[in-house]
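Chain IDs A, B and C follow the sequence of writing; residue 1 opens each chain.
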Amino acid sequence: MAQTSGAAAQPAFLQIQDVVKDFGGFKAVNNVSLDIAKGEIFALLGSSGCGKSTLLRMLAGFDTPTSGRIILNGQDLATMPPFQRPMNMMFQSYALFPHLTVWQNIAFGLQRESLPKAQVAEQVEAMLKLVQLGKFAQRKPHQLSGGQQQRVALARSLAKQPQMLLLDEPLGALDKKLREETQIELVNIIEQVGVTCVMVTHDQEEAMTMASRIAIMSEGRFLQVGAPGDIYETPATRFVADFIGNVNLMEGTLDSDQADHCLIGCADCRHYVGHGITGTEGMAVTVALRPEKITLGKDKPAGERGDFNQVQGTVKEMSYFGSFTVFHLQLASGARLKVSMANTQRHRDEDITWGDSVWAHWSESAHVVLTQ
Amino acid sequence: MMRGTSVSFNKWFGRSWLGLGYLFLYVPIVALVIYSFNDSPIPNQWRGFTLKWYAALAKDQEMLAGLWLSLKIAFMTACGSVVLGTFAAFALVKYKRFFGRTVFSGMVNAPLVMPEVVVGLSLLLMLVSVQRALGFPERGLFTIWLGHLLLGMAYAAVIIQSRLQDMNPQLEEAAMDLGAKPHQVFWLVTLPLIAQSLLSAWLLTFTISLDDVVLSAFLSGPGSTTMPLVIFSRARLGLNPSVNAVATLIIVVVAIGVVLASYGIARTERKRQREMADATRH
Amino acid sequence: MNALKPLFTGRAFVIAVPLVFLLLFFLFPFFIVGKISVSEMDNVVFKDVLTYTDGVLSLALRFNNYIFITEDALYFKTYLASVKYAAATTVLCLLIGYPFAYFMARAKPTQQPALLMLVMLPFWTSFLLRVYAWRGLLTEGGWVADTLIALGLDQLLYSLGLISTPGKLMHTPFSLVLGMTYSYLPFMILPLFGNLAKMDLRLLEAAADLGATPWTAFWKITVPLSKAGIIAGSMLVFIPCVGEFVIPELLGGPETLMIGRVLWDEFFSNNDWPMASSVAVVMVLLIIVPLAIFNKYQAEAQERAR
């Protein structure tokens, strides 16, 4: 997770106000508003078709909003064509100019500003040093590997020291190993340069590891905006809870609602939640429980709250991921419960296998209660 | 096994078919070349090797004048076709929707297939009407050039369109994002990337113009006889060894050009593949 | 939409330049042809179709030419013959060209550029000269004529009605169709090759895996997928062949009169411009359906490429 640079106390650096993009009846972006602070790394996360790329293109200037305003550093960008905007984009396909060398690619934007040659050369060298590609300055893009091409694309988009950097699926084209290394490198460079960054991705891992704040987008709307940890541990709706990571969603009824705790009854178990919610008794709620917050054991656990926060089930499936194992339990009502346990020891004391009847239990702070 | 025998049959059949096909394509060309050295008034009887037809060609004023005119027209046609073809290709590839797009697309593509007698006649009749009304243009180089432009534009548009479609649109967006205004995008990014197709289009339209008979016949005037027209009128009368001589010269020039170009393209492509493979190994 | 204003005027210009050119020199002439085809011609001067004299507006359309065309058996036969020869050429080009393009596309990738180049070379060499070359090959004593006669194939052609006298191969339907097939063959091979070369060979592997023989895979997978190429190639051959003039003139004979020659004679020999125009109009009407097919194919090819 990137270091949070503190939520905006001054007027936001980038203000997206009630932006709508209507493609002849189909609203790709349906009335979104957002404030982004200077220096933030902000991620728009969503599956394909949710409108995130359309929104990014509107920021860059390749599409104009049907209605709404985009204000950067106090300046309304509405009528500005892309070549006048003080922001630069790193494209998903890198879009490196094949007929130019690495040096010429990076210099391209600077040369459009009619800067003196010496200054251009100085800045290009600085960029090459930043992404550690000094040796490759005279190569053409097809002579570079995927990772190297990406660094050129990054250098090119930072060369003009833009007020804002836009990233379109920055790690999409890389394989897994390279992705992990590049994530950290990329964030380091961005923070070193200190530029505000908006990125678009469908990859949760990418968003959560790189961004300081995330907006979950679906069907043109923002479902939740917040820091990765907040979104993960405190999802606002069922959709968000299900979208991010894995989750167990259990439907239930609010049996009792007190100031410091509440009791929820579900089909297979009863929950003691360590905080009150403002609701009416008898209303329908959903309890969201993340698989890693649950512990498995062969014996019935002696919980401090008695029969709350525990349930018995049969192990139907096990998925081994190396560092952790996911157990799928079938509960009495037929519902499934996913439990994830880290393989902290090379050989487990209690070996749980298919068909075993086990007890799952969790603490009273493990739940998130959802009403939407 | 069934599959094994059918695979080798395929190979044998394929090789023969290709071989016979190429033979069919090249027999006339080879015949032209060989008979251009034939020392005999009767073209089909081989009498001996001679260069006399080439010598006669050097003195053949009619043919030489025709060649010079054709070269001029071909050059103008090639340049004009590439310009018009680029405009048309851009309009069709970049602008997905505009008023009259289907009609426009139809008109750009039609000269590719429309019989030349129809195109020639219609263009001529229009030019005559214009001449009646305005006093110009006289039939000659300019009118022939117009007709060839029509044809050339269609061919150029096809070639350039195909290259434009293959190009990554994000390249132009990236250029704009980095501060290039639309005309700068064209000159700095688009044009270099389509340069090869522009050259192909230029060469193709040059060749087509150089070779055209029907359009030239309709649109030429007194004193503007192109080389194909000279050849055609002689060919109509019978076999003529000086025609063979011209043919051989043209074939040699074209052959050298095509072979060099293909070789050059293949070599650059191989080099490129090698460089790309090397890059990923690091 | 202010941001796009500079792009907009640029866009209008880019469309306008070729559009105006085409409207002026391609479309407008067709209207003139139409008008002249119904005009009366008096010593190379056209009487106006629409006249206004003494307060009377009169429209004089002479449909004589069209009536003549439909009534005169010669015109009808000629049109029919043109379509017939064009169709025969197209079929032959397809029969020869498809396997040719297919084997080119299936050749080793290293060999393909050379194979393609060998097809391009004749294509770039003068069309007129190569047609002329066939005259030499098919007249008495020519290589091909001698070979065919030696093999006795001229008897076969005679019995098929393609030549009128055994031993005389020139100026016959045979020489005409041979010449046209030869000239238009690259126009069939190149689009087919382009189409077949891009085909995903893994589809054939999948078919084989599911139990199809190579023969079945060819007919059920390769051919349907190459449909676009077949149509393109066929239209590129058929449509111009209908109005072809040079080849019938050099290789055809009295019994192979084609409509391109008729138009030419009406214009150059008879100086009957309205008649020539009428012949042209009817020719365009004849090919309008294939033209529409071709245009639709081109548009679809663009759509797919986007």
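To be clear about the criterion, a residue touches a chain if its C-beta (ideal position, glycine included) is under 8 Å from a C-beta of that chain, and two chains touch if they have at least 3 such contacts.
From a predicted model like this one, the values you see are computed outputs, not experimental measurements.
Asks: Compare the CA centroid of subunit C with every other chain's and tell me the farthest one.
Replies: Relative to subunit C, the chain with the farthest C-alpha centre is A.
Asks: What chain sits nearest the middle when you go by CA atom centres?
Replies: B
Asks: Between subunit A and subunit B, what's the gap in Å when you average each chain's C-alpha atoms?
Replies: 55
Asks: From the mean C-alpha coordinate of subunit B to that of subunit C, what's the distance rounded to whole Å?
Replies: Between these chains, centre-to-centre, one finds 17 Å.
Asks: Measure off the straight-line distance from the CA centroid of subunit A to the CA centroid of subunit C, and report it in whole Å.
Replies: About 59 Å, centre to centre.
Asks: Among the residues of subunit B, pick out those that touch two or more other chains and give their numbers.
Replies: 181 - these are the residues of subunit B that touch more than one other chain.
Asks: Subunit A: which residues touch two or more other chains?
Replies: As it turns out, subunit A has residues touching two or more other chains at 61, 81.
Asks: Using the touch definition from the top, which residues of subunit C touch two or more other chains?
Replies: Subunit C, residues with two or more chain partners: 6-7.
Asks: Where on subunit A is subunit B touching in the complex?
Replies: Interface residues on subunit A, with respect to subunit B: 60-62, 81-85, 88-89, 91-93, 95, 97-99, 108-109, 112-113, 140, 142-146, 148, 156-157, 160.
Asks: For the complex, which residues does subunit B have touching subunit A?
Replies: Touch list, subunit B to subunit A: 168, 170-171, 173-181, 184, 188-189, 192-193, 272, 275-276, 278-280, 282.
Asks: In their shared complex, at which residues does subunit C touch subunit B?
Replies: Within the complex, subunit C touches subunit B at residues 6-7, 10-11, 14-15, 17-19, 21-23, 25-30, 32-33, 36, 96, 99-100, 102-104, 106-107, 113-122, 124-130, 132-137, 139-144, 182, 185-186, 208, 213-215, 235-236, 239-240, 242-246, 249-250, 260, 263-264, 267-268, 273, 276-277, 280, 283-284, 287, 291, 294-295, 298-299, 302, 305-306.
Asks: Under the stated contact criterion, what part of subunit B meets subunit C in this complex?
Replies: Residues of subunit B touching subunit C: 2-3, 6-7, 10, 14-15, 17-18, 21-22, 24-29, 31-32, 35, 42-45, 84, 87-88, 90-96, 98, 100, 102, 104-119, 121-123, 125-126, 129, 146, 149-150, 153, 157, 161-162, 165-166, 181-183, 204, 207, 210-211, 213-214, 217-218, 228, 231-232, 235-236, 239, 243, 246-247, 250-251, 254-255, 257-259, 262, 265-266.
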